[in-house]
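See the structures that follow.
Next come two complexes, and both contain subunit A; in the first it sits with subunit B, in the second with subunit C.
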Partner chain A sequence: MPYKNNFTAQTQLKLSPFFERTSKLNESQEWRRWAGYLAATSYELTHENEYFAIRTKAGLLDITPLKKYIVEGPESEKLLNQLVTRNIAICKVGQVMYTPWCDEDGKVIDDGTIQRLSKDKFRITSAEPNLEWIQSNAIGMDVNVKDDSFSTAALALQGPNSRAILNSISTNNLDKLRFFWMMETTFGNIPVSISRTGYTGDLGYEIWINPNDALKVWDLLMDKGKSFGITPTGLHALDIARIEAGLILLDVDYISSRHALIESRKSSPYELGLGWAVKMNKNDFIGKSSLQKELNHASNWSFVGVEIEWLEFEKHYREVGLAPGLPQTAWRTSTPLYYKNEQIGYATSGTWSPLLKRYIALAHLKSTYAQKGSKLMFELKVEHFRKLTKATVVKTPFYNPERKRSCPK
Partner chain B sequence: MKTYDVIVIGAGINGLVTASILGKKGKRVLILESRDKIGGIASSMEFTPGFTCNVVHDTIKWIDPRLMKILDLDTNGLQLVEPEILRVNLGDNSEHITFYRDIDKTINSIAKYSKKDSKRWEDFISYIKKLSQFLEKLYELPPPVLPNLGIKEVLGMRSLLSPIRKHGSQGVVDLLRVAPMMMPELADEWFENELLRSCISTAGIHHLSFGPYAAGTGYNLLHQHVHSNGLFHNIKFVKGGIEQFATVLKEVAERFNVEIQTSAKVISINTDQNVCNGVTLESGKKITAKQIVSALDPNNTFFNLVGPSNLTPDFRTQINNIRYRGSTARVHFALNKLPVVKGVNNEHLKTVFSISPSIEYLERASDAAKYGQIPDNPYIEFVIPSLLESNFAPKDKHVLSATIQYAPYHLRDTEWSDSIKDQLKNNIVDTLEKVIPNIRSIIKHTYILSPLDLENEFGITEGNLNHGEMTLDQFMFMRPTISSSQYRTPINNLFICGPGTHPGGGLHGTNGYNAAMEILK
Partner chain C sequence: MSKINKYDAIIIGGGHNGLTAAAYLGRSGKKVLVLERRHVLGGAAVTEEVYPGFKFSVCSYVVSLMKSNVMRELMLPKFGLELLPLESTMTPLENDYLIRTADSDQTYREIARHSKKDAENYMRFGPAMGQIGMAVRPILETIAPNPIRPSLSDLSATKKLLDHVKSLTSKQFEYLTKLMTMSSADFLDEWFEYEPLKATMSASGIIGTFMGPRSPGSAYVMLHHYMGDIDGAYRAWGFQRGGTGGVSMAIARSAEHFGVDIMTEMSVQKVIVKNGRAIGVALDNGDEYNSSIVISALDPKLTFLNMIDESELPPDFVSAIKNFRIRGSSGKVNLALDALPDFSCLPGDGRHLRGAISISPSYDHLEKAYDDAKYGNFSEAPFMDIILPSVLDPDMAPPGKHVMSCFVQYAPYHINGGWNDQKREDFGDAVINTISRYAPNIKDIILHRQVLTPADLESTFGLTEGNIFHGELTLQQLFSLRPAVKWADYTTPIKNYFQCGSGTHPGGGITGSPGEMAAKKILGSW
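Take a look at the complex of A and B:
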């Protein structure tokens, strides 16, 4: 049942079925556009509390704006296997796979998750609209591709208490639900699908429901989650968490090959650190032959984590008489990285990690400079003047708690 | 089980040409034809007892001379009839201009309407000859691989220099001017008389879905005049009817051990990991071969036989974007007696007639197609084939075959049906009546083929006789698509040789010849 919006607001943007609640909870009234929706930037005046909810309690995020597609029919596995770089044939019912998908030149169009709902039924999520792409590749196949974006509402419950909250509501216990698997259960009499997925790199779940049940599910979670510290969380907090988790964001860390004006703006999965998700031993998929060539010649670019060294960073500010100018929120401005005097890459997003107490960034580097431990220079603007400050290539995820993957004993 | 080097799908002119040449070069070739006879759109049929017609084409504009030579078609029995009169263009009130093989006679015919135009005629036809010579060279080569044009390709194109040497770079400039032109602009540069102007324009709209006011009709006009030796509206008849062309090719092919199976409909071209390895017939039988050549149009070849899921997204989009929009219908009348064409001597009927009083008349006929309707006053070209082939009709009876533009494949808010065909027939008879006053009373039987009928009968997508519109955006290296314009396809071992390839439609066999050369490389 498509969701019928009953609220009005002075906006041309779409309103999620949770808007009735989120709009009242949003003290800051800070909103931003997300895939054509009005989405909360932060509920409180600053996002810090929401960030710590993700890492120490449980953050509740409205992720309805995600694009969702249902692919159903006898050839749905065949279609998806041609479309994406991972091997969907080994994805079991109830399993979820993260994967990029490419154009014929092996350049990434978008990335998202694929849920196997049954043998012949899948749900794909993506950042951008992909219906036309999926449908055009389905021509002549016995599959039905439909837009599920308005027929399914979704919440993310992320943080160490998320399992306990869901267990207090769900008919079925979630203790055995493994990382990147999903289950069907009910909240009272409301059917819900829960996947153990998320965009925070923490223990967390995503809940997929009929939009007509949205408010009831929200209220249940907020009510039962209260004693666990459940906190409505906005996009500012999420952005910090996803950088700590080393997860890429379309249009920030890479440009979809569909929109890239010039070839050099496009990236292959190898150039985005997603080589692990490219399965060259499966049958033909879109981009395979180009990716094979790249594999034979090694990629020009690598995607890495970078840590900006504290002592020198602090010194730059001290020299002008200022306290260290840490970013208040995660930034998304392309920032040059140098080796000696040569620019060898650029960071695409970065943040101060409030938990790790480290200044971290995600960056594209020419592959020769991308090995762990490489010493680079990061461009910094201190009181209107450009400085170079030391940075090091480090392993991602920056933050990777054991609870992300583990199940209770 | 027999093994084949090559399977050719489709026994039309180009399929037969490719198969014959490959057979001559020692390949073991099998042709599979879905119909119960060979020839494709170069075939004849008895459309009512005792009356036979050339189903689609009555004439040939040009045949590739390389083909005549390599397959020795002259000595192998292909007899081409070169009529003294090439065309009679009929206007209102018995006005008409006659185009003769003898240029002086044509000039006299034009002079009746405009002295000034008659004086320019020789210059005009040598101008058209000069420009079509550039196409002649271009047509002999596979189009360049774009966008990565290498030195090898450039060297391979050096034969294009010969017309430049002959005519200077001005020739290239003129070609680049005229090809994208529309007919009235070309006519403005040369002639004043409307009957002459419109008759020239008819060459630019041949089998197109749009009218003379469309850009690029200049190119279509030149395409019709390749190898025409300075004869405007040049035509040839095939002795025995158009099917005889296919029959001669079949005999040649069989001499080279080419095996031809009719009523053998291919339902899929089988591929594995982008390599083509054989075909499956409707009967379920699978036949393998090292190479497969399709003479069918790109839509049939790639969507219906290879299957869209075996195409890469870019290529699939390119194939999907090819415009067909067949807009030509054919009608065959069995007549009780010889028709009388107003103002035309009965001795002068063994030719093509066109009814085209003005350029505006042609444009208005095309307007209907633009809006998905059939025109009240269609553009008609007709031939009385029974005058050339006495066995096409019983004694003293005749066949009149007409080519009708514009009859759009896609009708607005409706589909082709018997009642629409009746309506079209009535409009045709009304139009013919103006030049053949007794037509209505002598019609014994009418057989009409809409673009949908042509699609159903011959398997040509949207009834487009050229396997894709002959427009500049579907020309040369863009025919059928930029990544398959060298008779090769993105699927290994699969080739194409039909009119959907460079240099396009017509019963000239160039596509089949070029494809064979590519396969033999």
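Take a look at the complex of A and C:
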């Protein structure tokens, strides 16, 4: 069983500062491209254990490929408040806000988190490059926008044991760190910045460090985390967790309005289920007037959770003499949704939830069909033939444990 | 807790099947009371902190057979059901090992190291058994029809079953017939040649049964273990986070969500029968509770010979229940460990400790272990199915420490001279000595050891003779014969008295199935 195969390889892709460790741990040698980086798909031969680490122990993910920008200067709050749909003026030092940002037509460009590092300093994370967009909107303002992507390394530690692991290493205790807040602390003499954020919908943290400290921090976490079940975790497991959490993914669930070739590919925050993050009562921000119009007329599209009903799903497979063919990993192929004979939307990602024992998907639906409880038909391929099978619109997040937001008493 | 004088249904026993039946009845609006004798719920599916900081799945330790519709209908994931994958099975040998993992190519290569023929057949065996499992499932999911003076619904169920049997392919029919009649050793000999592989696979044919791998009928028990699926994958084992008690607690929370009252430390003494009808229960503490119906989740011996006066039952039925085979064959040893066991054949704390560890090097090992039991002794070198729950779920033990669960066979209930404290310790020693042949450090890392003999399983968990399945899974007491002909549909000779434990169709294991089907039968004619 333990094969001691070593190999070296060449790559044209960028390597994360954690690669020296992750490349040795990746037993499947399955990698994916993520923003030009080599990122582990799964460390073990199957991703199951990594998924359960996120939900029952702690998964450790290298999230260095995220884009990171530092916005600094007296007018940084003003700039960001114009740029994004959330109200940055009320974001306190040490607080983090998740927000989308839009173009003038109110169509989403990207989404990410904004950390307020000090009164006049913020860190923005995003999926795609946004430097030019931020800078062009900062013209004439007293701010400095810097691409920090390569000068900050980042890890996500996600799962119910993540707090205990960090407490065993961190100089400062994390018990009082609330959901979407952050703190500066040290691991021994290494300065680290920890935000209680993540992409799993579970208790979890993201750790922001100097790349020079990357290996030391990785080793500390793996060593202290061992007795808490820390598990290096790849993108296969993360993808299942983020769908369960109802979290969207750029280029999978929506397309950036800056890259959409045709108008119909663009989505407003309302059409992505992000209406809660649009603050109409704040001063002017990019896209506000268009979004106001959309608000007055109601959006054409909605973004919803869908559950594929088990009994009929199973029946389709029984009819051909097979056990139900559940997807082994999360899928990302656009899949039609029907009401009677009319296509009224499409699912953009879906997965079998190993924990919830439900087949779930995220979908764009014409708003008239998007009410909770609406019955739809989901297109399914069974032994090469297309079938329609029953599905229901359900609320997201599909999985939302109390520990995600709670603090120890 | 609300105090109601009259319930629609009282369920005796808060094991997982009793709770399942309660949840289904509650879900249909019935007012239900569950009475559990112990201070904890779950029956044999229970987690207890036997030694401070160490949680043991005291009896039942893995989950595979839990029905997916029960999980769905009772919303168990919402109430705490969390099944972690148990990925591998390792058979340690004196100078080698055999390990089967979740990766089929890896498993192929590993078996091929011992036998190329077996490796290829193994790739076909799983799917073939999966298809058989699928073919048998509808039979298991049917309320067993009464073949004696059948009612209309019995006839229609029988016809459905016959139609189903006719729909089987000839291969399926052949395998099914063989599995129903052969010994697991004979059946596996048709497929494989490598002894440790065959012996380990045959072991699921003896679990909970007073038979050896060469005893005819053991192949069916193996099939019973193949019936489980997790997420559509047949023959997948799972470990409940926090131990198997978590499954029972999830069902209990679901039941409470549906308005069921659950009381612990309430020991039922008798079912109150008036004019041939059950009308309530009398407790050891003198309390009485009335209800329209009473359902026993206990095993058939307790259900009929203990809860009811023999005089209330037809004599032929009494003798059928007396003849119901419920021989205990296994014990359980739970260990609190200071460190992980280090197997000489595969040292270190690698991936192999994350799955099952099977002490089953050969048919002879198993058969000799059975020989000891046949003549009234526990096995000197027993078969064991071991897992290390703390490797899968670190919360089971303090950081860096571990718990080890050893299912041990054989330990006969009727042991020469009877079970006593000395015998229990001797049995524990035999177990540890056997493990130490493969993991020599075991003796140095034990912080606490809990040894459960069949007599302990009986006295603590109410399992007659310590039989984990509420009666052996042998052909003569399955389906329409479980527990007795004419009374396999969850009814009993006493009106308004029903049964829903593992001693009813389709039998033992954490399935929820008897509880579910009993409730559905009862609701169908309420």
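Keep in mind that, in the parts below, the second predicted complex is superposed on the first by the 400 of 409 C-alpha atoms of A that agree within 3 Å, B and C clash if a C-alpha of one lies under 4 Å from a C-alpha of the other, contacts with A are read in each partner's own complex, and residues count from 1 in each chain.
Everything below uses one rule, namely that contacts are C-beta pairs under 8 Å (C-beta built on N, C-alpha and C of every residue); 3 or more make two chains touch, one makes a residue touch a chain.
Predicted model only: the values in this text are computed from it and were never measured.
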item: Joint occupancy of subunit A by subunit B and subunit C, clash or fit; value: fit
item: Per-residue contact with subunit A, leading partner among subunit C and subunit B; value: C
item: Partner chain in contact with A:327 - subunit B first, subunit C second, else both or neither; value: neither
item: First (subunit B), second (subunit C), both or neither touched by A:188; value: neither
item: Contacts of A:36 with subunit B and subunit C, given as first, second, both or neither; value: neither
item: First (subunit B), second (subunit C), both or neither touched by A:55; value: second
item: Distance of closest approach, subunit C and subunit B, by C-alpha atoms in Å; value: 47
item: Overlapping contact positions on subunit A, where the subunit C interface meets the subunit B interface; value: none
item: Partner subunit B, residues of subunit A touching it in the complex; value: 75, 78-79, 82, 103-104, 133, 136-141, 283-284, 286
item: Partner subunit A, residues of subunit C touching it in the complex; value: 68-69, 71-72, 76-78, 81-85, 87, 97, 99, 101-103, 106, 110, 130-131, 134, 229, 231-234, 241, 346, 350-352, 354, 393-395, 399-400
item: Contacting residues of subunit B [partner subunit A, same complex]; value: 273-274, 303, 307-309, 312-314, 316-317, 320
item: Interfacial residue positions of subunit A with respect to subunit C in the complex; value: 1-2, 44-46, 48-49, 52, 55-57, 161, 227-229, 310, 321, 323-326, 352, 354-358
